[in-house]
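Next come two complexes built around chain A: one with chain B, the other with chain C.
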Partner chain A sequence: MTTPVKSHIALRRNISSFLYRRSTVYLLLLLLPPLLWFGIVYLGSLLALLVQSGYTFDDFSMTVLPVFTWKNYQNLLLAANFDIVLRTFAMATAVSLFCACLGFPIAYYMVRYAGGWQRGFFYIAVLLPMWASYIVKVYSWTVILAKGGIAYWFINQAGLGHALESLLALPFIGGNTLSTSHLGRLLVFSYVWLPFMILPIQSSIERINPNLLTASADLGARPGQTFRTILLPLAMPGVVAGSIFTFCLTFGDYIIPTLVGPSGFFIGTMVYTQQGAIGNMPMAAAFTVVPIVVIGLYLTFAKRMGAFDAL
Partner chain B sequence: MRSDGKCPFWLKFVAFGGIFFLHFPIIVIAAYAFNTEESAFSFPLQGFTLKWFAAAFARQDILDAITLSLKVASITTAAAIVLGTMAAAALYRRSFFGKETITLIFILPIALPGIITGIALLSAFRMAGWDLNFWTIVAGHTTFCVVVVYNNVIARFRRTSQNLIEASMDLGADGMQTFFHIILPNIATALLAGGVLAFALSFDEIIVTTFTAGPERTLPIWLLNQLTRPRDVPITNVVALVVMMATLIPILCAYYMTRGKESIEGSGK
Partner chain C sequence: MRAVQSLDPGLHRHHGRPLNVEMVVAVELNTVSRFYGEVRALDHISATIGEGEFFSMLGPSGSGKTTCLRLIAGFEQPTTGSILIHGKDATGVPPYERDVNTVFQDYALFPHMTNLENIEYGLKVKGVAKTERKQRAQEALAMVALPDLGKRKPWQLSGGQRQRIALARALVNRPRVLLLDEPLGALDLKLREQMQVELKALQRKLGITFIYVTHDQGEALSMSDRVAVFNAGRLEQIDTPQNLYMRPSTVFVANFVGTSNVVEGRPALDISGQPHSFSIRPEHISFVQGPPTPETIHISGRLVDIQYYGAHSRYEVEIAGSLLFSVQLASESSAQDILPRVGDEVMIGWSRRAMVHLGDL
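After this line comes the complex of A and B, so read on.
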């Protein structure tokens, strides 16, 4: 009775010893399933996307033909399509700047002044909204910004109704109402990605030796000078690291442009419409290559700024 | 680098104002779910009621969406835990040619915008001639959830002493025994935290799902459909609160599970 059990144990031990000695085999066995998944499902899909971006879309029969063409990429340069790219780029830049301006003081306060209970409180208070449901956060903003909603109520109570009217009348940032204006869209984008900006800045400020700031003040620098010449340059990798998120996430988003802000396509909405309503997968694929290239360039720039060490 | 100097008032104001700004929409959702009014978003709120909760949970389409989301998130989490742990176990100690590239590939699905992952998967499914169904949603979610588990587990592996594993093997335990008695207890909370985050991420995912879902509607997709043609506002508010809670509670759990884990048994040599 005991023999098969014993040999079973011996076999298991032999396998263990074998794997321990041949650790490369062990490594391969462990790595194979995840690599297969990512190699086939993910990289394979990206490749399929790239291939499709070179396919021909027949305008008359509304079908996709597997015949190679550069036409989709040429179409990207048409004025109407190029406008979409520029509009998305401008919004992504604006969102990153806005997030940096708002996120920096918060991160600075977290590192320098939040002690005791405040430390844990601030950390979790930034983390929670970051992970909270994305679609619900956006939905909540449509409720807040709606005409007759909370934002309008507070603005009218503060007697700023006319100020808002004239602000919304401005070109480029304005719109009919808060929820259909560029301003509203900028606000929602910034809200959704702000925590992604705060955390990297916080970790990069944490690594700055506080003596440097004291020394700067001792040597007679005003707070503004210390900020410009000491704090900001040293915290810059964190700012750039944060902007990777704010920029790239804005660049590829299509839910917020659909729900908040004026009409006019973003890259994300264009991709969605092209593949869904029109069925022009090749053009949609060509449009997705734009964020891939822009984000690739941006990551190269960020790496050169040392942002990856701040992540 | 805490400073004893006095904090300027404006900085304190911006910091606490910023935190308030981050939480304001969450508070709004919580408040509106109990609002008595039927059709609009007017403010101030009209009154308190629980009747929309009853109405929402009596709707078959909402229950179906919740069930589907739970199913997808559970299977995704299981797959992400298995794949993420294997990857972490393989990569935490050895360095070899191509390791950086492999790490990058794991991170890519979450670093690139969801729309790219989504449309890439869709184009691959179409080229392969597969119909979109439950499993295509799971495949999409698993792809970006692996990295969450991977990150949590690899951090724990790096802090787990290699001596423990070697001691276990020296004392005659085989691989399975070492795994169940030494490795698993050490990485258990990291696994749980990673799994919980993966679950929340999958439950809430919308962008990839819009591309990889067929006729099925997950809860976020149900919500998005409501938003593009507004009706049943009070019920939408209730569902929004439910989705919000389903993401917030796991995050809090994960935070408390991984907090203060700097000292691990055996790490002091």
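After this line comes the complex of A and C, so read on.
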């Protein structure tokens, strides 16, 4: 004779012991919601983008026709468009390199030297700029870098005004003023994405056994040798991860190229224009595929070079 | 080259040298201290380690032995005092300029390199030509009996194999002094005993000075020419294993090295009739009957526990309700006619000559 309460308990026990025995069912139940999200919303939208990039845009009627064509990708190779790709690629590479050079020493210091409150301070200091609105930060940089702005004042005070002038006169880097130069754009990009470089490097350095660096010195390696042969290769997964962030973010951004630096489209601004003003969604999609392909190639190259051997 | 008189009988044990030979100094510590803020990790340590000597630094964790090793390796600098390596002042000399190599407790093998690349590393950074360094690395692999594992990565090896690779990586540089920081600590007992024998044989073959840090007193006693016992940042005693065991100079050493019955204070006076603390080894005590002779001490107590260890057994005897004496007898002891049982009133006794005096009361 069982009461309803007891049978209720028995049922629950049956279910839990069933799940215990069939651990794959249990795992599937746990993972189903995030898997659905990832599969449908995440990958699904990416797939939709890829499909769209193959659609036909009718210039005459300004409408999108679901007819497959390679034309959008062929258009990417037109001189005007390929220029945009190259310009964005060069900037993304420069930003990633600059961020890696700035971020690595900071990340190393955070892991190996900062302890207690110092470490907390560094975490907050690295993340703090991300708490402020992105637009506000970029706008304030335009003010900082403008002629007569704080940057100019400091540089002139340091007596480096002429050096800056000759730096800005250089091709590819320069421009009329800091705020309209490629250099200024690089500074703003690097400022905005630096945390995305520091944090992955920091976590990869954290996983390196400090005794490895000691052992390297013990075996006769000078600090530079230890850096090149032990520290950098072991931290490489973090550098690659960080550079993927800085790379992709630079590739996709359309606000900084609009507000800082010389005129000329970036992929981000081009996508914005194509899909907003013109309504050419397929061409915008084709532009968006560029970073995906570039990152894919970059990862393959990094793997070939042994960047992930330490994982 | 500096040389000192060796008054050390332990040295002639392995090297077949007579006593009082001229000993070439490999490492000399002159009143070395290392403070971390208020913490005195190492407090005025002086020691002289001879060339070709197997020198152990023994002590519990936090006693300063590893700090001492790190100072010799150059990973840290002494707060005060100086360290001489082969007669040259090593103060301020970075580790990569010292003719000293280290085997780390966690092996510290480079995970992104193969075992052979690990072994080659020290030669590579010093600019040794490729063919020579390949050959020497292969020789080093053969020396540690792992000639075929060069192409694998360290994580593909067992703990004992990794330990050998770490040893080969250090020895391939032909250092004059090899530092070993608890190198066998992570291995299981059987493997540890086997490696002890191999390490000792290797050291004798190569004639390199070994400075060996361990917290395992058995390991230190069985392998070393001399042992330095550390306690709380200070040196308690530097001596041969035999002297350390038979003639400990402090209460700490008597307790830490092997098992001792250490008696201090008033009970020491009551038992021996002399105003010294003393220690007596369990194997020097036996069950006795009748009155003592002038050379022996007899006291009575109650047997409270017997522990069986296979080859020997240990008897815990309570004296006067407070002191506990350990007595160790061979399990198949025929000398003992009738062995007592737990709870029995017993009489234990030992020779006065077996006692070690540990300072006045």
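Structure notes:
Operating definition for what follows: the second predicted complex is superposed on the first by the 221 of 311 C-alpha atoms of A that agree within 3 Å, B and C clash if a C-alpha of one lies under 4 Å from a C-alpha of the other, contacts with A are read in each partner's own complex, and residues count from 1 in each chain.
Note that contacts are C-beta pairs under 8 Å (C-beta built on N, C-alpha and C of every residue); 3 or more make two chains touch, one makes a residue touch a chain.
Since the model is a prediction, treat every value here as computed from it, not as a measurement.
Legend: residue contacts after superposition of the two complexes on their common chain; A:222 is shown touching chain C, with no touch to chain B.
By the touch criterion defined above, A:306 reaches chain C but does not reach chain B.
In the superposition on chain A, contact is made by A:233 with chain C only, not with chain B.
Contacts of A:209 after superposition on the shared chain: both chain B and chain C are touched. Of the two partner chains, neither chain B nor chain C is touched by A:96.
When both complexes are overlaid on chain A, the residue A:134 reaches chain B alone and has no touch with chain C. Between chain B and chain C, it is B that contacts the larger number of residues in chain A.
Comparing which residues of chain A touch chain B with which touch chain C, the overlap comprises 209. Interface of chain A with chain B (complex): residues 9, 12-13, 15-16, 19-20, 23, 27, 30-31, 33-35, 37-39, 41-46, 48-49, 51-52, 102-103, 105-106, 108-115, 122, 124-129, 131-137, 139-144, 146, 148-150, 152-153, 191, 194-195, 198, 205-206, 208-210, 248-249, 251-255, 258-259, 268, 271-272, 275, 281, 284-285, 288, 291-292, 295. On the side of chain C, the complex with chain A involves touching residues 73-75, 94-96, 100-102, 104, 106, 108, 110-112, 121-122, 125-126, 169-170, 173. The part of chain B that touches chain A in the complex is made up of residues 1-3, 7, 11-12, 14-15, 18-19, 21-26, 28-29, 32, 40-44, 82-84, 86-87, 89-91, 94, 96, 102, 105-106, 108-109, 111-117, 119-124, 126-127, 139, 142-143, 146, 169, 172, 174-176, 178, 197, 200, 204, 206-207, 210-211, 220, 223-224, 227-228, 236-237, 240-241, 243-244, 246-248, 251-252, 255.
Chain contact summary for the complex, chain A toward chain C: residues 209, 211-212, 214-222, 225, 229-230, 233-234, 306, 309-310.
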